[in-house]
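Two complexes are shown next, each including chain A; its partner changes from chain B in the first to chain C in the second.
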Partner chain A sequence: MSLWVDKFRPKTLDDLHYHQSLSIRLKSLAASADFPHMLFYGPSGAGKKTRISCTLRQLFGSGVEKLKIDQRVFISPSKRKLEINVVQSNFHIEITPSEAGNYDRVVIQDLLKEIAQTQQVDLNAKHRFKVVVINEADSLSRDAQAALRRTMEKYMSNMRIILCANSTSRLIAPIKSRCLLMRVAAPTPEEMQNVLEHVAKKLKFDLPEEASQQIAEDSGGNMRKALLVFEALKMQSPDLSGSLTIAKPDWEIYCHKVADLIVQEQSPARVLEVRGKLYELLAHCIPPTIILKTVAERVVERVDEAMKADVMHWAAFYETRMRLGNKKIYHLEAWVVKVMSLYKHFMYNFDMADFE
Partner chain B sequence: MHTIKSSSGSTSKASRKKAKLKTVKLDASSEPPNKKLRTPPVDRGDDRLWVDKYEPTIEADLAVHKRKVEDVRRWLSEAFEGGSAGKLRKYRRILVLTGPAGTAKTTTLRVLAREMGFEIVEWRNSMSERGPNDSWMDTEALFDKFQAFLTRASSCCNIFAASSAIVSMQPQSHTQPKFPSQSSTSLPSTSSSRPSNCHLILLEDLPNILHLPTQARFHDALQSLCSSSESGPPVVIIISDSGLRGENAYNDDTWDGAGGARWSKKETIDIRSLLGADLSTSPYVTRIAFNPIAPTLMNKALQAMLTKHFASTSGKPPAKDVVEMIVESSNGDIRSAAMALEFACVVTLTKGGGKGKTRRNAAGSARAVLEVVTRREQSLVLFHLMGKILYNKRKGDPPATHLSTRDAAKERELDETLLDPSPLPNWLSEHDRKASRVCLETIASDSPIDSSLLGLYIHENYTMFCTDVDQCDGVCEGLSWVDCVGGNLPSTTPHAFPTLALSTLHALPTPVPRKGQKVCKPSWFDVRNKEQDALEGVGDVVTWLGHGGASDERAPGRWTHADVALELGGWLRAVDRTGIAQLQLPRTHRLFSSLPWCAGGVSGNVLGEDENGEADGVDGDGDIRVLGALRDQKEGKGWWLESDDIEEAE
Partner chain C sequence: MAFFQAKSTSATSKHFVDPAHQPWVEKYRPKTIDDVSAQEHTIAVLRKTLVSTNLPHMLFYGPPGTGKTSTILALARQLFGPDNFRNRVLELNASDERGISIVREKIKSFARQTPRAQAVASDGNVYPCPPYKIIILDEADSMTQDAQGALRRIMETYARITRFCLVCNYVTRIIEPLASRCSKFRFTPLDSTSTSSRLSHIASAEHIDVSSEVISTLIETSGGDLRRSITYLQSASRLSSSTNPPVPITPHDIQEIAGVVPTAVINDFAKTLGISVVEDMDVDDLPTNWKLKGFNAVQKKVKGIMREGYSASQTLSQLHDTIILHPTLPARQKAKCALAFAEADKALCDGADEELWVLEVGLRIHKAVTTS
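Let's turn to the complex of A and B:
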């Protein structure tokens, strides 16, 4: 038994349930002789990776599904060993360079050079090039992106690159201009319900309309999340009837409670309490940007109209600092304190105005 | 190819005289009187440094806290005799003594060796590789020699053992004998009742641990030493905490979203890198951490040294306040204190022994000279540094209630020297502050920690010292700004520290209300360790998913770390609840998948007065022990921060 998300993942472009026009375009691209570098972008859980693997299958046939994992060792300039997991078939190779942290440039350079310098030896291969799939391309450092840019031009004959990212805003312009951009939008609730029903049919049970509706709404366009929630629900109450309480992820609830703490009271002691909570979130591997975003959205919901813009402004401000700095907690906390201070002054002024 | 050099103690007439003095002292202590003890030879013409000349030879002379010595003694006796039940011997294989330089780690061991009658076999890296007769074929790698030394030392015993207490074994026969001053003075074995094969291996001069292959072999060597069933001699390893500043040494890579790998390779020697992860937590290894020597103990030891010295030589011992000054400036390092004391006796510092002003001036100049001589990099204890910053004293603050009149006067005196800042224009009036009593230059140069660790300490503690969120905002903004700007600068930038301190001082209220705040250690390290563990859990789940879970289908590469951490939690918990056993989920997923909300804050780890905070964050296990020891040492003195003034117990 594997996860439903993995089990019922479409394998070919024809199997895909939504974004039909995109599938058609991908199919014709794969059929043509010159396949470009590509950049898939869109929100998480929209189906970027699924589309990439379907496209690869379209390009090379079922051979791409024979995967193996290699652990590759790279040597950083400071002679440090970096071990990176590389997933590859005979036709493509898939890496997540952000696993190398600050040394992603080394990984990108070494790996791409190696692939680019080897010719495809399989005579039966449909194409002469290999494909390199780079996950989480938007977390690549500037250095790595610059390295990528050069390689993309130089080794075009042997290699194609498919980048996968959440947004294009963190990619440098030269890379964007060298790729064919493919936006994979989040599915609509109806499309998600279709998928859920498809899964239910495959598993031979009935999915009540309300349940699928609720799951689709709650997952906010994230197909993977929807399927996971669906599976977890099915595990808990096998008949999926009655009122279903769809539990949000723990960390999300946690973030909301943190937001409540911020709005309830503004004092140094409360700052300390909130810090404890933030530490707890960080200790559970929740990325700090996600924490900031989730808490900020919740705070915005709960404060007065006049303050909303400020809260978001400071969230953006401290997120930038967080990316530049080292210790995430400082910036998270600085934002919390800033919001508290704003809120306090706002309430104080508000009271005064009311009084007069 | 090894020489066994045994230097037997040579007793001269002068030393006999000393020995007499010594025995008197001995009788006063609780030592059994029948033990015959002799002090090291002291000649007029002896040009050794005082540190070596007056090295303690009995336990009563040691300036180390009694409990520490007792710990070491117990361990040693357990290692040789197996403790009360006789079974502990198996687990007393490796003892690691840690602590800052000059805290009498080696001396303690030597003294105990003398008293308990075992011998120390010591490894020394020899750099003079080849003698004239050696062909290059003969040279073996240094580490091979080390290994040979270990096996030989653990299986053989010294044939000259009966006559010598300390044997220094050297890997090469061609090295000339050590100068008598260097190999520590050795005495005839004090109790010959013990079997002569009682010896232990001392590793102080370690092989190059920072070289990874060497490190691996070192671990293997120690591991095999531990696991070997027949009981060899115990091994004592002495590590001086090097003065690394800040946590940058622990390689603090950025948190770049989930899935970012954090490469933790240590550049410094500490117990973990030295012994490896599994060995340092195994029952075979005991760690005893030495603290900087307490001022009272140090004072006593220095006085004893003076009495000894001036009993044999003519001359006038330095004044009492000079000794106190030395004790104060030595920062718990007795070696440096002894050096300074010797210096102070060579040149007479206090010339005018008169009363009143002249005397004070003389003391002042003596202080200045001594400060230049004994000046160490870390002369401000972290505890006081935090007090200075967080209490934010400014000119004209009312003196704290517990201050003595003398200290209050001192404060007023200081205030007189401070200039009032020029008045700010109206639109900046909110930034108007009184002149600060904190001298930024001094604290920046004397700080035992670097700016990033200072940031962590401020961050952990500032909330208690603020009365309002606006003040918190100022502090936080400063931290955030320095971290953000400092992220792109080399960590050695000289501006980060003053900027941090200044922004904090500016933001804190004046005066800071005193409500018994306790300075805590940053919990950041704990959180980071927890996070790293959780990240490993995520990694385990990713691998598990990559292998297709429990099914045959392998589907690697579909899950990224971030996806797993953010979205799989609910599913994992559901699986746990339903208890589907055949899934074989990695247990470690619980580290990140469940995040229950519990109300209330977190309690911190309170910083003790004499701690230097350097390696604290990384080893939580040692903390409790250190703190406990500190509490003992304090002898009733409040062990949390009450005042930022350095006051020595008189």
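Let's turn to the complex of A and C:
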């Protein structure tokens, strides 16, 4: 039995619930003979992947659902072996080049050239070209992106590329200018409620209005999260009535605890305590950016208006540092200490002003 | 390169590739250097070399989409004709492996070959076909320093029978010894008249109907990058022709394709930050609203923008334009805003979190504007 997220994932463009205009566009593009390279971008859980797979289906028919997973070995210039998982059907191939780390350029070069130089052998295929889906395109290195540039033009006759990214900021301009950009915005709460109701109807039970509203609000535009939460709730209380408490993930509660610690007291001992908690979070593989953002957002809720901007400023500042450096904990801690000192200063000045 | 080309040409003869499915940037790539839009100075110099059939080593540099690759390909084609083109020209770009070993082996062995005798042109035209080969190193700025270093001596030793043409975006990434061996040609961003004439030429050749507003939107969004505007035009025409019945292309379509954030969203964001946008100049009660809209309003707005999936860099650059060109904002505040933008751009280039930085810029602008 699969999760509801997978079970009720729309299979065709007609099944999609929201962004109708986008679906119409994709449909007409798939029907026309010249399909462009495409770049799907939008926040996570907005339905980029779903739209890509629907488009592929629209392009080639149900044949694209016969997937096989291959493990391919690439050899880097320094003779290092790289093993990459490749998901492919007869008509398309899906790769996540960021698995290869620094050597993603090699993967892109080898794989794309290989595909570009093989013709479609199946004479019944609807289109002459194969499609290469590149996931997490925004984490491709500059080199790999540069390697894509000319390939995208030269092998247009038997290959199309579909890139999937969270944002276009990290893609180089030449790539963007070669693709048709498809923005997939997060669904609005109403649209999410529609989807939830649709799922409920399929499973033949009633979904109370308040429950769906609550789930939609809580998930912050992330459809996948909403469905997962929905399923979890259904497990907890089968009738979905009464007051529902959506369980927050453990790490989020933990992050909130850290934020509370920072606001309550500012002392070296407290820093030590916070550090222990931060280590704990990092050890559980919570991405440091998410830790920083969650803690910062919580801190901001609890401090004075005048300080909020500063807290966020330093969060942004140290987040950038964190990207450049490679020891994350230093920068997390630096931020904590910075916020504490800001808070102290603020309270101190405030107090003094009050006394005078 | 010659190998790949041979393959693709034979493939096209076997499987008929409808030219309608070609990207227009390839389809309308200039055939002769006289077709190249703008770049009068460079073309004038190159035309002379076409007559004298003597070519220096060349370095083409300039922003993307200004016709660098097109120019050298057209020139080579005019020099050698279609039949000799394949064995006289070696094109390497960033999609090919170009480490030092390739420079030492592939480039060197190609460079040291004495050019073969001129084949008789099959199309009946007479080509100058001078007795040297051309090696085109496209996107040369992504070559490593070592690989560039290895080229130095090769360029000199085989200068008699081989000419190099380096094509790059940033001339500063080419090491000095290489740059000094080449005659440099700078390609400038296309001015709006030549872009619009080229675009309308393509539009008429493709039998599509474009209004002048669409063309001006294309020019605006592409910023002198002809390739980008042609791609946008093609995408837009695809979209418009595939619906039933075909609808005319609107400037809004172009903006959506180009990933431009709608002006309304930017204006709304700017208003939240406390900047009065031109249309609302008559609203006088703005200052009182400023105090009410504090941190939370900005944060909410930023979250909204991020949820819509707009790209941070695009949002910031458009917000930047709004603020810098703002008619009434004092220079001091503009300067503060510009500083925030610059820092955010650097951070985004380094791969920092988008939401945090858009928020940061928003807050700093808010602060700069409210506390003057």
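Keep this in mind: the second predicted complex is superposed on the first by the 356 of 356 C-alpha atoms of A that agree within 3 Å, B and C clash if a C-alpha of one lies under 4 Å from a C-alpha of the other, contacts with A are read in each partner's own complex, and residues count from 1 in each chain.
Note that in this section a contact is a pair of C-beta atoms (placed from the backbone, for glycine too) under 8 Å apart; a residue touches a chain by one contact, two chains touch by 3 or more.
Here the structure is a predicted model, which is why all the values come from computation and not from measurement.
J.: Overlaying on chain A: chain B and chain C, fit or clash?
T.: Here the two partners, once superposed via chain A, fit next to each other without clashing.
J.: Return first, second, both or neither, reflecting whether A:Pro208 touches chain B, chain C, both chains, or no partner chain.
T.: The answer is neither, since A:Pro208 touches no partner chain.
J.: On the A-aligned overlay, A:Pro268 touches which partner chain: chain B = first, chain C = second, or both, or neither?
T.: first
J.: A:Leu324 contacts which: chain B (first), chain C (second), both, neither?
T.: It touches chain B and chain C both.
J.: Mind working out whether A:Gln236 is in touch with chain B, chain C, both or neither, as first, second, both or neither?
T.: Only chain B; A:Gln236 stays clear of chain C.
J.: Between chain B (first) and chain C (second), which does A:Leu228 come into contact with in this model arrangement: first, second, both, or neither?
T.: Only chain B is touched by A:Leu228; chain C is not.
J.: For A:Thr289 in the superposed arrangement: first (chain B), second (chain C), both or neither?
T.: both
J.: May I ask for the angle at the C-alpha centre of chain A between those of chain B and chain C, rounded to a multiple of 10 degrees?
T.: One gets 100 degrees for this angle.
J.: Looking at the overlay, what does A:Gly63 touch: chain B (first), chain C (second), both, or neither?
T.: neither
J.: Touch test for A:Arg149: chain B only (first), chain C only (second), both, or neither?
T.: Only chain C; A:Arg149 stays clear of chain B.
J.: Quote the smallest CA-to-CA distance from chain B to chain C in the superposed model, rounded to whole Å.
T.: Across the overlay, chain B reaches chain C at a minimum of 11 Å between C-alpha atoms.
J.: Which chain A residues lie in the overlap of the chain B contact set and the chain C contact set?
T.: 289, 324
J.: Give every residue of chain A touching chain B within the complex, in rising order.
T.: Residues 1-3, 6, 9, 44-45, 49, 67-69, 80, 82, 85, 87, 94, 96, 98-102, 135-136, 139, 222, 224-225, 228-229, 231-232, 235-236, 247, 249-251, 253-254, 257, 266-269, 271-273, 275-276, 279-290, 318, 321-322, 324-331, 333-334, 337-338, 340-341, 344.
J.: Given the complex with chain A, which residues does chain B contribute to the contact?
T.: 252-263, 265, 452, 455-456, 459, 463-464, 466-473, 476-477, 479-481, 483-488, 523-524, 527, 530-531, 534-535, 538, 545-546, 548-551, 553-558, 560-563, 565-571, 573-575, 577-578, 580, 582-583, 591-597, 600-602
J.: Could you pull out which chain A residues touch chain C in their complex?
T.: That would be residues 24-25, 28-29, 31-34, 36, 41-43, 46, 77, 109, 112-113, 117, 119, 128, 142-143, 146-151, 153-158, 167-170, 173-174, 176-178, 180-181, 183-186, 220-221, 289, 293, 296, 300, 305, 308-309, 312-313, 315-317, 319-320, 323-324 of chain A.
J.: Would you pull the chain C residues touching chain A in the complex into a rising list?
T.: Residues 4, 7-8, 11-12, 15, 17-18, 20-23, 25-26, 64-65, 93-97, 99, 101, 138-139, 142, 222, 225, 227-228, 231, 234-235, 238-239, 241-243, 256-259, 294-295, 299, 306-314, 347-348, 350-357, 359-360, 363-364, 366-367 of chain C touch chain A in their complex.
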